[in-house]
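Below, each structure is written out as structure tokens.
Two complexes, one shared chain (subunit A), two partners (subunit B, subunit C).
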Partner chain A sequence: MPNMLKRKSRLGALPWIFPALFMIFSFVLWPAFEMVRTSFQEVSSSGITKGWAGIQNYITLFDNPDLPNVLIRTFIWVAGIVFFTIIISLPVAQLLNAKYPGRKVVRWAVIIPWAASVVMSSTIWKWILDPYYGVLNKILMDLHVYKEPVDFLANSKQSFVWLMIVAVFVSIPFTSFVILAGLSTIPGDVVEASTVDGATAWKGYKNITFPLIKPALLVAMAINLINIFNAFPIIWVITAGGPGYETDTTTTLGYKISFRDQDIGQSASMASLNLIIILIFIGIFLKVSKSQEDK
Partner chain B sequence: MTNLLAPKRHKRLTGKRVSLTISAWVLGFLFFAPYLQMLLTALKPKEEITAIPPTYFPKHWAFNNFIGVWKEIPLATFIKSSFIISLSATLIVMFIAVPAAYYVARNNFRGRKVFLFLVLVTQMFAPTALVIGIFREIAKLHLVNTYLALILIYAAFNMAFSIWILSSFFTSIPQEIEEAAWIDGCSRVSTLIRIVLPLSLPGLATAFIFTFIAAWNEFVIALTLTSSPEHEPLTVGLTALIGFYQVQWQYLFAGSLIAITPVVILFALIEKWLVGGLTAGSVK
Partner chain C sequence: MKKVTRLGALVAATGLIAASVLGTSAKAADVVELKMVAADYANMQPFWDDLSAKFTKANPTIKVSVNVVSWDTIDDKVKTLVATGQTPDVVNKGDYSAAAAEGLLYRADEMVSAATLADIVPTFLNNSKYNGVAYAVPDLASARALFYNKDILTKAGVKKLPTTWAELETVLKQIKAKVPGVYPYALPLGPEEGQAEFAIWAGGNGGVMFKNGKWVLNSKENVAAMTYLKKLTDEKLTQPNPAKCDRTACAQALFAAGKAAFINGSVFLAGWLKDNGGAAINLGSGSFVAAPGKTPVTLGVQDYFTAYKANGHKAEIAKWMDFIFQPDNYAAFLKAAGGFIPATKSAGAAAAKDPALAPFIKLLPSAIFYPGDQAAWPAVKGAIQQQIGTALVNPQKTMDALQAKALAAAK
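This part shows the complex of A and B:
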């Protein structure tokens, strides 16, 4: 750390960082506080606070017969999508890093789902998966995989798998670019040297490339974890959590309770529970990544 | 490895090179394909969209869908709203993040760690997770259904990334350059503006474009906080085309493409810096 102004007191920093602090306190920490507070209040459907409710909202929430399944599904959602996104992004990043004609165009193509709004990407997937007019059925029937059109979203298990596939699709571009960023810091001769030494490509990747991109990988995982947990538009556009609550995660369930069922207190308790869950996820992640580092 | 061996090596790899090229192009196509489908659907006349069996390409290319969508929904208003909201949020982020990032990069003040921790916390709290709290707060401030509400929320939640990325750019600029300017009598602020910022253009561009795109694409908060077409951004406004009984797919996708194309171009422009910027910004 450069010590140009080390003697500066805390007050000297204020003019430079006060606006940032103001924004963090007013529009990030205040809403978080407001939400937790609301979870202990009784709020009418029009949004008027009627008074304290103690833990009544939490009791109502845990009485919801759909909650256990939604919690299990949320876990599968986060763990499954992060896992497959990383597994697929590793080779994708290698391809983006390799040298071949048209690499720039390939990189641009992979960027599209990252730059495009997730709502719009979800809408096109809903249309691609349409049982009557969707192009996926058309392709599969032309390839003689199916004789009759298939309804991909016919039951909740199947549609949840498709929701996860769409989520992996929109998560890969960011993830592979972060890994690519890690790859591009590795000098070419390091990899070259390993092949000269007679190491096989796989061994070279495992022993040399992989340890070097691990920091980038961990960052990608952490950001994916947060994004996937909070992923809303994919589910909202394609199934809206339905039928019933059968494809909901805790994020979409919380939204349904507040803005459809108009039970703001209960939904605030769902969202507060969500905050605790994400903190646990991040805690586990930090612990695992730390123990990896110590190895 | 001597130069003499190089051509031979190259020849040996030709077969591998071809398969590499093909797999890379297939990969690129896979990511592009859904948006190609979006374009092909946007160019079909209404009757062809619900034809059974469906077709890959339009029989009659309905280019006028891209004109019709402006009449079907107030697309110009949505674009204007999205533009005002995203640009204002981005400018606020830049004005706040640049001084904070610069000070953090150059000074070891008391409370620096606490500040960086708070910034990290902001990055972990997605607005979606706090939507109820945000709604309650904005309602109390009487800002529901205004541009200002979305501008402030987007600025607050996207600031963290810009502070990270900018401070690592500032750190990488040698201090001596600044010290020279100091001796010449430049103040701290004018050193920042005249010396540091021009040297950090890639970082500034990356932070600017990232924030702009995040605001442009945001959906949940906009869905919750806006209730009239005059204030809805594109992401929410376009959903008006999804009716209860039928969806006007051709207009929905024509509108979506009009929304997506400029941000994809912006993103492609910073692709060169994206790779370096992501390492500098997040891998720490």
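This part shows the complex of A and C:
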């Protein structure tokens, strides 16, 4: 009897967890499965599946002369943006947490770039940086910094830096608000006590505040890591990975292999590789944050 | 209650049978819906909606829904539709060969009646073949010329139009010296139409992409053409960002703003300028420049109607295609698309009297075309669009990389 009851109550939970299960299977697991399956198939340029290809797609992918540079760039992209986003967001969160008149307005101002779609922000930045009509050129020329308009995106290294700046810009709001949430959990009396004990502002921040916001910080880093790694619109809208493949990350390269080189199978293997890379990133991250916690 | 329901069902069933005997409901069930995906030349959706409404009026059993898609995304869209089993019946875009090679398409003589097919300009129909059989019906074509801003040339004191590479370089230098704030040549090697700019410069040096059954992207002639463009760029005779400059948003926009003296323009450039703030430009055009000892060429580009077999709507497609090519409807199509060269002899005769089109129609016999009949062409085009801009850094390296991609795609 008790067994039967138990089974019944388990099944009884099904209607409640079904939507979540359905979502996970149909929007996460099944597409991932299809992606990996496609990466072992030969798909024609018109979109017709021709049959199994073994590991040929992976061999072609690793033969791609642009892949090594794109991988290095992807690493710089993720590590650089997450690092600078955190560095800038820490003081921004402090600013948002401080009490002063007009704080509400400042908080709103920080939320706006986050609320706008990334495609919109990227398009705005593209036009800000435009050599002929862009406002940045106009300002710099009016200040007599340049005589002739400069194309900030003409040189691939320079344009990659600009892409990273834009990515940091759109990542700051979310990050600083997560840190702000961490800050607001710190009881006021702890900080007060440290001041009474004679800690300077910097010492108090280093030894009291920072350790207490670490959990929030780790969450912000993990989410940024995934977000930035998958950030397609910023690159696609502003440079489309060009010229050539010189500002591509693995995400945009995968799209280009599929829709420019017309090779869907190879693109699926790039996407599968992407999945492995992000798992490695997260693995390293978890390891590091664990060892941090153990300290 | 029950009785009433039963009675109602009986009445309804009788009604249905009666209706189907009379043929009214059979009609409703037999309507075939054709799905078409069409590229957006100008503002095409109103034209297609109007035409399909007229067509359904004349053929009540066939409905046509036309989805107009921008040039940027139409290839991706069609590919996705095919890959996900939602293959459209008719497609209007810039290539056909890969689908023809895979046996997805009806032949041209299955798509349209013999009379319509006989009216297509032979050159264009020849460019619609795969292995000697036409698998697409050309919809229209364009040709290119070297356009210039007459006012800038006058200011710079240019008396004679350049015809060779060396003369062009001299003229560009003269413009740079005498008319500050103007880019002598607007060079768009960005993804939008990089393959066209490449094809016409290479063509002026006798270079092609495909020759005697082989891809020859890294031929001597092609590398030399890109080396010449690198020289122009290094001497700052072009705008500063040719590698990422797209045709419409960058090169044509600069020209429309009076900031560029020369541009490689298509037949519709004059119309485009009028609609995009360049109406005041004093426009001149001439034949393209060539390398020493080579003849100038123009680049002919044609687009296509293709019909997919997947849904088996052969008869309906043929009716719809013939309807499009009826003289009035086809004239309306050309008008909506805006200033292109017609693909039919009958419409071509009328266009030859149009002063804006006549010079281009005359150039067509000497035109070079893309190797659009090669199954690998869509992939090669994509690769050129991606990478040709980097040839301004190292011409040989880029052309070698493109050749490798072409060979891989042709496998």
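In the analysis below, the second predicted complex is superposed on the first by the 277 of 295 C-alpha atoms of A that agree within 3 Å, B and C clash if a C-alpha of one lies under 4 Å from a C-alpha of the other, contacts with A are read in each partner's own complex, and residues count from 1 in each chain.
Convention: contacts are C-beta pairs under 8 Å (C-beta built on N, C-alpha and C of every residue); 3 or more make two chains touch, one makes a residue touch a chain.
Predicted model only: the values in this text are computed from it and were never measured.
Engineer: With both complexes superposed on chain A, which partner does A:113 reach: first (subunit B), second (subunit C), both or neither?
Structural biologist: first
Engineer: Of the two partner chains, subunit B (first) and subunit C (second), which one does A:154 touch, if any: first, second, both, or neither?
Structural biologist: Once the two structures are laid over each other on A, A:154 reaches subunit C alone.
Engineer: In the overlay, answer first, second, both or neither for which of subunit B and subunit C A:291 touches.
Structural biologist: neither
Engineer: Please work out whether A:264 is in contact with subunit B alone, subunit C alone, both, or neither, and reply first, second, both or neither.
Structural biologist: Once the two structures are laid over each other on A, A:264 reaches both partners.
Engineer: May I ask you to decide whether A:102 touches subunit B, subunit C, both, or neither, giving the answer as first, second, both or neither?
Structural biologist: first
Engineer: Once the shared chain is lined up, is A:132 touching subunit B (first), subunit C (second), both, or neither of them?
Structural biologist: The answer is both, since A:132 touches subunit B and subunit C.
Engineer: Please tell me which partner, subunit B or subunit C, touches more residues of subunit A.
Structural biologist: B
Engineer: Answer with first, second, both or neither: which of subunit B and subunit C does A:254 touch in the superposed model?
Structural biologist: First partner only, subunit B.
Engineer: Using the superposition on chain A described above, determine whether A:243 touches subunit B (first), subunit C (second), both, or neither.
Structural biologist: second
Engineer: Subunit A residues touched by both subunit B and subunit C?
Structural biologist: The overlap between the subunit B and subunit C interfaces on subunit A comprises residues 47, 132, 259, 264.
Engineer: Using the touch rule from the top, collect the residues of subunit A that touch subunit C in their complex.
Structural biologist: Going by the criterion above, the answer is residues 43-49, 60, 65, 131-132, 149-151, 153-154, 239-240, 242-246, 256, 259-264.
Engineer: Considering the complex alone, what residue numbers of subunit A touch subunit B?
Structural biologist: Interface residues on subunit A, with respect to subunit B: 1-6, 8-10, 12-13, 15-17, 19-21, 23-24, 26-36, 38, 47, 92, 95-96, 98, 100-121, 123-125, 127-128, 132-135, 137-138, 141, 169, 172-173, 177-178, 180-182, 184-185, 192, 196, 215-216, 219, 223, 226-227, 229-230, 232-233, 251, 254-255, 258-259, 264, 267-268, 271, 274-275, 278, 282.
Engineer: Spell out the residues on subunit B that touch subunit A in their complex, using ranges where they run on.
Structural biologist: By the definition above, subunit B touches subunit A via 1, 17, 20-21, 23-25, 27-29, 31-32, 34-35, 37-38, 41, 49-56, 95-97, 99-100, 102-104, 106-112, 115, 118-119, 121-126, 128-137, 139, 152-153, 155-157, 159, 163, 175, 179, 213, 216-217, 219-220, 224, 234-235, 238-239, 242, 249, 252-253, 256, 259-260, 263-264, 266-268, 271, 274-279, 282-283.
Engineer: What residues of subunit C sit close enough to touch subunit A in their complex?
Structural biologist: 75-76, 79-84, 98-99, 102, 104, 190-191, 239-241, 243-244, 253-254, 257, 259, 375, 378-379, 382-383, 385-387, 389-390, 398, 401, 405, 408-409
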